[in-house]
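Okay, so subunit A shows up in both of these, paired with subunit B first and subunit C after.
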Partner chain A sequence: MASCGNPDVEADASMTKRPKYDRNKTCVKCKLQTGNIVIRHAVYCKDCFFPLMSLRFRRTLEPHINPNPQQHRRKGLKASGNLLIGLSGGLGSSVLLDLIQKTYLSPRERQQGDQNPNGITCPWSKIFVVYVDISGIMIGAPDKSSPVEQFVKRHSTTMEYIRVKLEDAFDQTRSPGLRKILLKVLSSSTCSPLVSLKTYIESLPTQTAISSAIQALIRVLLLHTAALTHSSHLLLGTSLTSLSISLISSISQGGGYSIREETQEEWTYRNQDNIEQIVRVIRPLCDVGMKECAFWAWWCGLKVVGKHRYSGGRQDIGALTRDFIMGLEKDYPSTVSTIARTCNKLTTKGGTSMKCLICQRPAQSGTQDWKQNISIRSYSDINPEDVPPGHVNLASRASDDLPPSNPHSIASSMCYACHTSWTSKSIRGRITKQTDIPLPVWLKISSSISEERRQITMESMRNTIDDFLLDSDS
Partner chain B sequence: MSTDTVSLRIEFSGGLELLFANQRSHRISIPAIVPKDDGDVETKSADITYLIHYLRHNLLKERPELFIEDKTVRPGILVLVNDTDWELEGEGDYVLKDGDEIVFISTLHGG
Partner chain C sequence: MPPKLCALCEAAKATLRRPKTGQQICRECFFFVFETEIHHTITEAKLFKPGDRVAIGASGGKDSTVLAYVMKTLNERYQYGLELFLLSIDEGITGYRDDSLETVKRNQQQYGMPLKILSYDELYGWTMDSIVAQVGRKNNCTFCGVFRRQALDRGAATLGVDHIVTGHNADDIAETVLMNIMRGDIARLGRCTAICTEGEDTIKRSKPFKYAYEKEIVMYAYFKKLDYFSTECIYSPDAYRGHARAFLKDLEAARPSAIIDIIHSGEAFEVKDEVKASQRVQRTCQRCGYMSSNPLCKACTLLEGLERGSAESGLTDRARKKLEAEGPAPDNVRTIPFFNKPVTGNPRVSIAVEIPPGQ
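Up next is the complex of A and B:
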């Protein structure tokens, strides 16, 4: 009878290790040189690696440069505005900066990795690089603004460096890109923006919520900086690996409705002339794995500064997802690619014009009603003919009823993911006792716009029917 | 055990150098023949698996869990052998030769 051998005794019983590459060690592209890198089971030599990376980068970015997206053409690239590059100091965004410089700004002589010796004209008039400094909330973390600035200057003297602090989201005097005519002091708080930021962070119930909130603040700050710099494109250095991590993490926190926006999105805003403008957020490295980025950085001699990352440890869904995906990529690299490709095929049911006040992404309406319908609340609304369980005291439970959802509250204007983050229960019973929690500036302004519109609407309604109203004396 | 040694050049990048006294480049010499496993009498030629073990016990200054996991490098750390992906050279089973350059790059900085 056949049986499985014991690997400890029989050397032949253990399964032979399969190589991590198909066929042989020869480059699959040129079929001449011995390979230097394995990318998802395919072997590439160093000379073929650089054009491959450049091609993937341009194939993702260039169809979306012109105001009318073009899938099949490459000539006459001309953007409607400037370019803003989000630089976190991490591997992906550093490689992105290098690729932008080599593809659109490098001189005619060849450089390592430069695959465009003919020199493509830069589609943007100006290029800005923005760094969001989060060191204010990272205890003991050094400020990396200066090394990041040096990194930008080493790459190009034409790129303009902008430093934004995370606490600027709470600074009513420095709100980048926001309409100052609507800027009011809605809070009587005299706290500094940094204190407001820390209070906001500490009010969140879980580590996962804190990580998500920081990411949302960074993203919206980048969007508003793009508006301030009149940029039509915001580029982020999210690699395929990072994208897979953010997709799974977002879905697990209830962000499935805006899953497409994790890869690419268009953010609309009104400029000072009240004209609608669009910022396209593109991740040109979404088809390039983190391994490829690391090889590019090493072979091109990039001095990656490194980025601060807030991690909630083992209680943070984002951190757990990252560990899972990194482990998956080591043994099953194609699966990581499959995650991103599968999510790219997803589409949501129906459309929406509502935007979440917190994260500025599409929000499905009726989040509160849905949560009330699926929540276990009380027995006070059960059928009077039914007999409740013996331990339930209907009289004392009456106060547990939740108030009907207020259509003008912030909660009614939040997406499901943000709503879940703010209302999730901490396993340690962490509940904030604060009643006056500072909010990001754009949230206050959106609320004041809604308030103004409501007031104006009522007033205009009164004016419209004024002629038909009877005098109170008659 | 043979007294022959293998001289290697080790490079750390992507933030890994912080775990090794903030030093990017190291020149080391390790025995050419080493025990197959801890405390084992059987011997083998020094390979990358042994090198990782050697680095963990002789050069690593802090947080070993950020470098090593299950006798190999932690997921997210890439290894180059003479400018080539170690997956093409047999990963941990690659037998080290005198003058080899081994590079460890951390990708945990993200995007």
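Up next is the complex of A and C:
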């Protein structure tokens, strides 16, 4: 229906690009020195850049440190637990670590623009830094855990370094802490965790599903590590640019219902004493662009290790979104912040009914019915009033119809995005139908709880999953 | 190697791969699922009631041509009891709209539906050719979009219809969700996934193709040998939308469900109440009576700018202030006729329409 918008006609005709220097080359803050960096059309000198970054970082983080956000920050900052910093080795998380160190562990003399004249005491008793090593599934990729550990130790002796492997999500023996939190583990799998992880990844039908599954595994491992370390806060180094990429990528994969969680979320779990605990996931650099992070790292001499990133290239929605947003940022520099600001004005429709077993985020019920309504994949999906074509004999096909959806199946406990990841096929590629797919430990635990309640055997659970393990092109 | 059987009926030879599901199916099954899904969309949303007078926004392109065909088919098959009309807007683009209107006229003959063509020239005193001659190719889509929306409502009002259906497909809606997020257009983002929109002073408008893939619409038109006009508008330089469209095509290539997934995302969120409260209240234009969030609606503002030789005044605050400083609009400036929404159930046909022969 769209009759306009031919990209080949006349490039950039209707979206006027603003000049990068709005007025002149003098810093807009001190109005004395020549600027060194342009941030969203405004020029800043190097001296004014640091307090600006620090201010944005603290303005995002500090309202969420006290257990009661209403408590005024001037009365002091005191978290209810420890702090866990997720360090990927990439730019954002490296800058985040540096900012935490400089702001709370070795605060400098008061600088111009600094909001706290009395210095800041660290609001957390202990600070942990966790690195999730995904080198196991990156063919030929070096293990970066050692340089990451050195990076942490160079920065601070008070921060405690923790290394978690991605395959730990499938490890029932080497994650005693995880087991304690999650009560118990039930599994008959005898494969090594790495083999289980690889089998799980290989069973997914698209490149997009693989990269989003890896992200989900990392995220849940971070949350469980936060619980293990009694952390009340999990900080991630997501910059404004990265946030916009994740928002658009999530929306493109059907994750609109958890749009709020992409920016900030609270994860609830029960500790060993069965007391409900909350981990606040905060992205303190979500108001700072990737360019500013790069300048901070450059001017502070941070030796960024670099992170492993799984990319499925042109077949991966995450990678496509990254390329798209990075391209837009170059030509339309305001777009990145507009995306984040727009999504911040959104909320989910209706109340949250459940948590997704896979990603542990809020999930809507009835997503399968919705899918069935909008696309007929079998003659069993049609209504009685719908008359199929003459050559179709429904009576003879009755036994071939898909089994009725089981309301207690895993599918009904998955969010739309995870369900789509498991079932949506690619145009290209053919996935071998797997019969025995290992599952992450937390999914098995959740299912085992369901088993107690609904008497679903592991075998029937596997049978239910079998519906998702599609032969492509069929 | 035996021929691959249709994944749906498992009886006939599969002849196509469905873009929406990836299933290899036969042609007859494709027609069935395509039409039935649209029927499900219509019935789930309870779009019509028997006796409704419905105008099909017809441009002569693939979407509206297929829409007219499918609406006629479903109306007969499921006895919706609708009175269907074709409504076309002639923007006045030489070599583009005049050609596509010929397609609409052929559709009128083929489907036996009354046709009403309303032109920008008739309504605003300007054609897109003359607008582009004044404003150039930059921003001309703003004029066209604003004028078309009003023109459709006014054309529907003259037909005395209760409802306008447009051929917006799933690709269009997914693209609009992305565009509104990237442009920060929170008001449109909140309503762009709604299948049906109706303001107090506007005619109900809906999109039966909301979940239909563009590729499937083309496929349907191809197999049914439907006659449609296919050319991009010659004045369409919205490069920003072009970026979003190209991105969406990449997403679809990576995972065909991406289009539906984006629509599902758009349906899953809504604008926060505190943000809604800060949005401007809808009222009516002082000059033409059409819905507006300002004293003057966008079409009147743009038209006044054109008439006074300051087309930019409808686009930028600076130009608007400059025009306001020159004083009120002179009396000889052309204005849009006052808009009266038809009373539902009491149709008033005030302008003659072309009725196909034999009716």
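Everything that follows uses one rule, which is that the second predicted complex is superposed on the first by the 375 of 474 C-alpha atoms of A that agree within 3 Å, B and C clash if a C-alpha of one lies under 4 Å from a C-alpha of the other, contacts with A are read in each partner's own complex, and residues count from 1 in each chain.
We take it that a contact is a pair of C-beta atoms (placed from the backbone, for glycine too) under 8 Å apart; a residue touches a chain by one contact, two chains touch by 3 or more.
Just so it is clear, the structure is predicted and the values come from calculations on it, not from any experiment.
J.: Considering only the touch criterion stated at the top, classify A:317 as touching first (subunit B), second (subunit C), both, or neither.
T.: After superposing on A, A:317 lies in contact with subunit C but is clear of subunit B.
J.: Based on the superposed arrangement, let me know which partner A:38 touches: subunit B (first), subunit C (second), both, or neither?
T.: first
J.: Counting only touches as set out at the top, which of subunit B and subunit C does A:339 meet: first, second, both, neither?
T.: In the superposed model, A:339 contacts subunit C only, not subunit B.
J.: Is A:214 in contact with subunit B, with subunit C, with both, or with neither (first, second, both, neither)?
T.: Neither: A:214 stays clear of subunit B and subunit C.
J.: Looking at A:129, would you say it contacts subunit B, subunit C, both, or neither? Reply first, second, both or neither.
T.: So A:129 meets neither subunit B nor subunit C here.
J.: Scan A:291 for contacts with subunit B and subunit C and give back first, second, both or neither.
T.: Once the two structures are laid over each other on A, A:291 reaches subunit B alone.
J.: Between subunit B and subunit C, whom does A:326 touch in the aligned arrangement: first, second, both, or neither?
T.: In the superposition, A:326 contacts subunit B only.
J.: For the three-chain arrangement built by superposition, which of subunit B and subunit C touches the greater number of subunit A residues?
T.: C
J.: Check subunit A for residues that touch subunit B in one structure and subunit C in the other, and list them.
T.: Common to the two interfaces on subunit A: residues 327.
J.: Within their complex, state which residues of subunit B touch subunit A.
T.: Residue positions touching the partner: 13-15, 75-76, 78, 80, 83-85, 87-88, 91, 103, 105, 107-111.
J.: Please name which positions on subunit A make contact with subunit B in the complex.
T.: My answer: residues 19-21, 25, 35-38, 43, 46, 88-93, 236-239, 241-242, 285, 290-291, 293-295, 297-298, 304, 306-307, 309, 322-323, 326-327, 329-330.
J.: Residues of subunit A touching subunit C in their complex?
T.: It comes out as residues 1-15, 206-208, 247-248, 250-257, 259, 312, 314-317, 320-321, 324, 327-328, 332, 335, 338-339, 341-343, 345-349, 364, 367, 370-371, 373-379, 382-383, 385-386, 388-393, 397, 400, 416-417, 420, 424-427, 472-474.
J.: Under the touch definition given earlier, write down the residues of subunit C that touch subunit A in their complex.
T.: Of all residues in subunit C, those touching subunit A are 7-12, 20-24, 28-29, 31-33, 36-37, 39-41, 44, 59, 61, 63-64, 78, 137-139, 141-142, 144-145, 166-169, 171-172, 175, 177-178, 180-186, 189, 209, 211, 232-233, 235-243, 245-247, 250-251, 253-258, 260-262, 264-272, 275.
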